[in-house]
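Below, each structure is written out as structure tokens.
Next, two complexes with chain A in common: one pairs it with chain B, the other with chain C.
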Partner chain A sequence: MENSIKGEQIIQDLLPRKFKTSGRIWVGILVAICLVGVYAYYRQLRYGLVVTNMRDYVSWGIYISNFVFFVAISLVGSLITAVFRLAGVKWGAPLTRIAEMIAVGAIIFASVIIIVDMGSPERFYNLFLYGRIQSPIIWDVIVITTYFFISLLLLYYPLLPDIKILLRFKEKSGPGLHKFYSFLGSFWKGSHKQYLLSKKAINALCVAIIPVAFTIHTVTSWLFATTYRPGWDSTNFGAYFIAGAFLVGAGSVVVAMYIFRTWYHLEKYITPDHFDKMGRVLVLLCLLYLYFNVNEFLTPFFKMKESEAGYLNDLFSGSFALTFWFAILTGIILPIIILLFKSGRKPLPMFIVGIMVVVGAWFKRYLIVTPTLLHPFMPMHDVPQMYKHYFPSWEEWAISMASLAGTMLIITILCRIFPIIPIQETLDEHHETVK
Partner chain B sequence: MEPENNSRRDFLLAGLVAAGLTTGCNPKKDPFEAGADGVQASGKKVKLLSVDGDVIEVDEAFLKPVPHLPDVSNAEARIGIPGKKFVMVIDLSRCKNLKKCQSACNFAHDLNPGHNWIKVNPMKGAEHTAPYWEPTTCMHCDEPPCVKVCPVDATFKRQDGIVLIDSDRCIGCRFCMAACPYSTRVFNWGEPDLPAAVANQPYSAETSIPQKKGTVGKCDFCADMTRMGMLPHCVSACPNGTFFYGDLNEDSVTNGADTFRFSDLIKDKAGYRLMEDLGTKPSVYYLPPAGRNFPFESGLENDKTQNS
Partner chain C sequence: MNTMKLLNKLLAGSIAVMLLLSANKGFSQGAEKASLSITLSYFEVNNQLPHISAMVKTKVDGRFKPAAGIPLKLFLSKDSSGTVIGNIITDENGQGFAFIPPSLKSEWKSSKTHTFLATFDGNKKYESAKADLTVAKAKIEISTSDKTITAKVFQLNDTTWVPVKGVDVKFGVKRLGADLPVNETPTFTTDSTGQAAADFKRDSIPGDSKGNIVLVAKVEDNDQFGNIAVEKTVPWGAKFIPVSNFNERTLFATRDKAPIWLIIVSGGIIIAVWLTLILLVQNIFRIKKLGQETE
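What follows is the complex of A and B.
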């Protein structure tokens, strides 16, 4: 008896809730940022990419940095859901939905931002009419589409038992959402047969998503590594990108955990123990990423080849030094130091570390794209002066910020509609512990 | 009778030439029916060479200008000219950064300011080596990195070695620009400022005209001139004869004034290509700036207009 009361309590705690004033303000701010971005994009469509500050040398700017950033973050879905699940990590269960929501939001805006970067987006269909399989861009189109659908399914299948619960609370969700829930999951009866089928499907998707996740970010790194340019011409790039991606993804999950926990008072479900364990995961990923960074920079630095010297000096002690050392310190070194202490893995310090990791990672992506382009093999000559520098224009900032806001908006809407923490799994776990 | 006969013969020939010039091979039109399209003889005669090799006089009114060759479709432009392999040789000892090549190229391709397909770079290998001017065009590589990465086959390599761009297909992803180690590609960031007559004409991959917003442009080895058997604009514009152009299969290159056997020129002057170590196999060869015609400093003044 007590058991079922406890069960009802869990359901009540975890049901999605309507936005309060603060929630509405949050959504309002995000929508406003998105609208500014839409206006900036309208200008870009009308006048062309000339509204950006990209020019012939820095022909890829923060759009591409953002693209890499989004693809990186989206990898967390596969880490928390698939890797943890296949490795039998039980404690990760409450975090799976947060991770999948972030993954879906990020991969959608990775696709959006890459279209924004195109000079002639109205010819997007040419990719399907004339696509050449030799081009790494086509590989990217294929794997990102695949990854998007697998992520969507990995969000959807584990939702089905929860939708059955949600359908019981018609008056709470309102007629519109209720209709949406029954459209999504009214076929789910929760029978043993369905349960087995779903488990099988989720397992299959978990196995499938890992190679696809590795592929999307490896291929993204190859957009750079298949060129000859100093700083990109590296065999280390795939692994370096994957390590960085898991790190920023895990960092973003930590940030989201803390925000959801405080905002929705989920202290009983996302516990300090979860933060402690995520902290251990994060420190491992930081160390891994540090290792790949050492690989990426130390050997070229040791040799100082003529073609790479300008680029490396610019990073280590030149015009990008401040950003570079900020990204390394904030994104990797300081988190390692903080997370090695037990008190560093408490919720609030973890939240701060998560933010440091994510912000550091964003600047790291900027540093991967821009400095290389400012150090071509041939001298920058016979071009207008402004071609020799790069700082994003307001349109670029507005569009990039809008893409970040858009990702957060998707995550916000998803957590308004669906339970942030899987209800059925929490109930099952609760019953098991009681037994 | 004799003069009458002559005039009749002339008249027939004139009709033949005029019809040939105006109607081409249209079988429906009788070429001997002069004046059929309402053309009246003006009385002004022009001397022409007949098909038999005789000099003939034709009334000016029967002559109409026609293009040298029919327009090349973009599908044909993709194939190239069979049996040819175009190469360029740039003699660095002759360059004094006059930038005539650049301005001729910009003019011929209706390029906007700042969109230089030819760049003339001041080069200096090391502290104690001598500086020199190095004009760069597209290298028209035999292993073109740009073509490899293009996702939509908008930039392509032809059988005659020329690398061109189909601006009607380019999606503006700029991967080719990142891939090109010679930084030869130029992007149309905004709407190019072109006269309406140029902007409205259909795009031709061989002339690269008109350039379009959101697409990539670059040196096209003047594929249209090449097809007519003429030299690229940069070659004929250079007063110092820096650029040589020709066909590798014929083993001959010319700068308009002098013609050399390509293999001899490369052998005698120790020709080389840029960044050979990358394996791109360029079609542009350079002759080292040895025994140069001008001091490096003579080009400095001209460099200030764009690079100060």
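What follows is the complex of A and C.
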């Protein structure tokens, strides 16, 4: 960072800002999408899950694909915040809050979408009352709750020094937000003892979040892998899911970095160097995920067991081939090719690559869920022909899109309330550089 | 010119006649019926009600294949149309069977041999067909002692049963799919007293809860006697004690029957993580208290 940036200038640059017209339009669009989703969900509650196109064959459809996608994205909090921090990666500091905001938004909607997938959500409490500890679904419920709580704490602790700064600008934040800031952290005086306690807590959280993050996505993969079906019956699934999760999480951070940088003019704080380094991380994660994909598909393809042939052929050359190869090419292969070049790691190409990775990852989650369900080991007899095909109904699309919009809305609201880049950390780094 | 026209007419006429003839030949080929081959078999188990089994085949592309849906009429005696055993229709394997009904008891007892008859009247697809099978009445008696099985084969001679020499007998243990031979020798031949004996060499074979197994002595596809068999239950098997983990602590049991190791491991992890989180929340209050003290 340039030495010429003064402390007060940094604060002014990084303070949360009120939405301008474009911001309001953005929020309006997200709210509108959410409202359509709410109406679709009302119809689902009113008429039951029959409004979806999920039937006896495909009982986990786009909702569960979305759930896996959200869980995957949420893992980025642990990567950028914890892994980078513990590994002493200093350049990642400005990105930590973005990552944590994405993690919190995604994990909230991972929980919401699971409830949406339930036919009778009013019976949700039975999961806690009568849940079996032997069931991976219960493990998932426990781990998601834990991860959500850790993510909140990891968002909150580093915010404390920034809240002290925010409280100085009452006229800028307005009385409502000022009151909220006071509630959250008016007790933070920045004393040495407070600093030590906070640092200790952040370190403990960073250590705790890594195994929990690995567990959350491994357990999510076990929801599939412990079920005996073509494509899911794999010992590779835990590692395969985690590799994919880190990739899509990093991709989403890159997209958010570019948008925030451009929208809030944060070019001095999120520099091309950050993009270059995130590009290197992203290409590594792409290669890792490619490796696991080769493991996941090459060996079954080579053996082509009769019971799995229908599923594999449908993926490679059948009705899902277009989606499959799109997801592989767009989400993995093309990003690797682009990111290997230095010019490919500049902000705009990185932004495009980030979108490719995220979109490819969403389709990849859809492919993990649906084709397998359409090819059971024991085909059902006497079912209507329509059960053997699946394409989400408009209600499913509306609810799923609303969940994506909801996640972005949470991130948008969080970045309206809190600084996107940690102010105190940036100031400390600036002082160190000046010295 | 006229000659050419005449030649053309003759040629066209000849072609038309040839086509008509060939078409007629084609139709006549399509109307040809296929022939059926019927095979009859006689079965009697434990000297109980015998049954007659029929297998019907037809030649398709030079190979015999089962003919399904063929209605057959079975008779007890070849010469008497009044001794109808019953009507059967062959299944997809070309097979069908019928027990000799109690109404034919007197006819059955009247002779020491019977010639069974199966007839098919023919239909649009197949020519009519018939087959017969002559069977002499015979029985097997089975006895066991000291892990040796002895079978005696008798034939009905007027009113008395006389031993039969030179009949191949198989000894086996009844299992789910088929009969397992009692030792490595596949068949034993009866001597002049009609006896054949085999040593039982399947000591560790699982039986029921008391170790009971079912031995079987049988004569298979014999030209004279057909298929006859007799069974005997002996306690020569290993006692089978079913192992059930129903209602025990397993991964697939109800929630109150979770494995102890799972409860300890998962409980330990949950307690450790949430204890840390509670301490971290408590830490916020400590930071708050420090802040209030500073004021």
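Quick notes
In this section, the second predicted complex is superposed on the first by the 429 of 435 C-alpha atoms of A that agree within 3 Å, B and C clash if a C-alpha of one lies under 4 Å from a C-alpha of the other, contacts with A are read in each partner's own complex, and residues count from 1 in each chain.
Please note the rule applied: a residue touches a chain if its C-beta (ideal position, glycine included) is under 8 Å from a C-beta of that chain, and two chains touch if they have at least 3 such contacts.
Everything numeric here is computed off the predicted structure, so don't read it as measured data.
After overlaying the two complexes on the shared chain, residue contacts for A:137 are found with chain B alone; chain C is out of touch.
Once chain A of one complex is fitted onto chain A of the other, the partner contacts of A:127 are limited to chain B, with no touch recorded for chain C.
Of the two partner chains placed by superposition, only chain B is touched by A:227; chain C is not. Looking at the shared chain after the overlay, A:153 reaches chain C, while chain B stays out of its contact range. When both complexes are overlaid on chain A, the residue A:28 reaches neither chain B nor chain C. Number of chain A residues touched is higher for B, counting chain B against chain C. By the touch criterion stated above, A:381 is placed in contact with chain B alone, chain C being left untouched. The contact surfaces that chain B and chain C form on chain A in the two complexes overlap at residues 130-132, 134.
Residue ranges of chain A in contact with chain B, taken from their complex: 47-50, 52, 54-57, 59-60, 117-121, 123-124, 126-127, 129-132, 134-138, 141, 223-224, 226-229, 373, 376-384, 387.
Residues of chain B that touch chain A in their complex: 102, 114, 116, 119-123, 136, 145, 148-154, 169-175, 177-179, 181-183, 185-191, 213-216, 275, 278, 306-307. Within the complex, the chain C residues that touch chain A are 250-255, 258-259, 262-263, 266, 270, 273-274, 276-277, 280-281, 283-284, 286-288, 290-292, 294-295. Those residues of chain A lying in contact with chain C across their complex are 130-134, 139, 142, 146, 149-150, 153, 156, 160, 186-189, 191, 193-194, 197-198, 200-201, 204-205, 208, 212.
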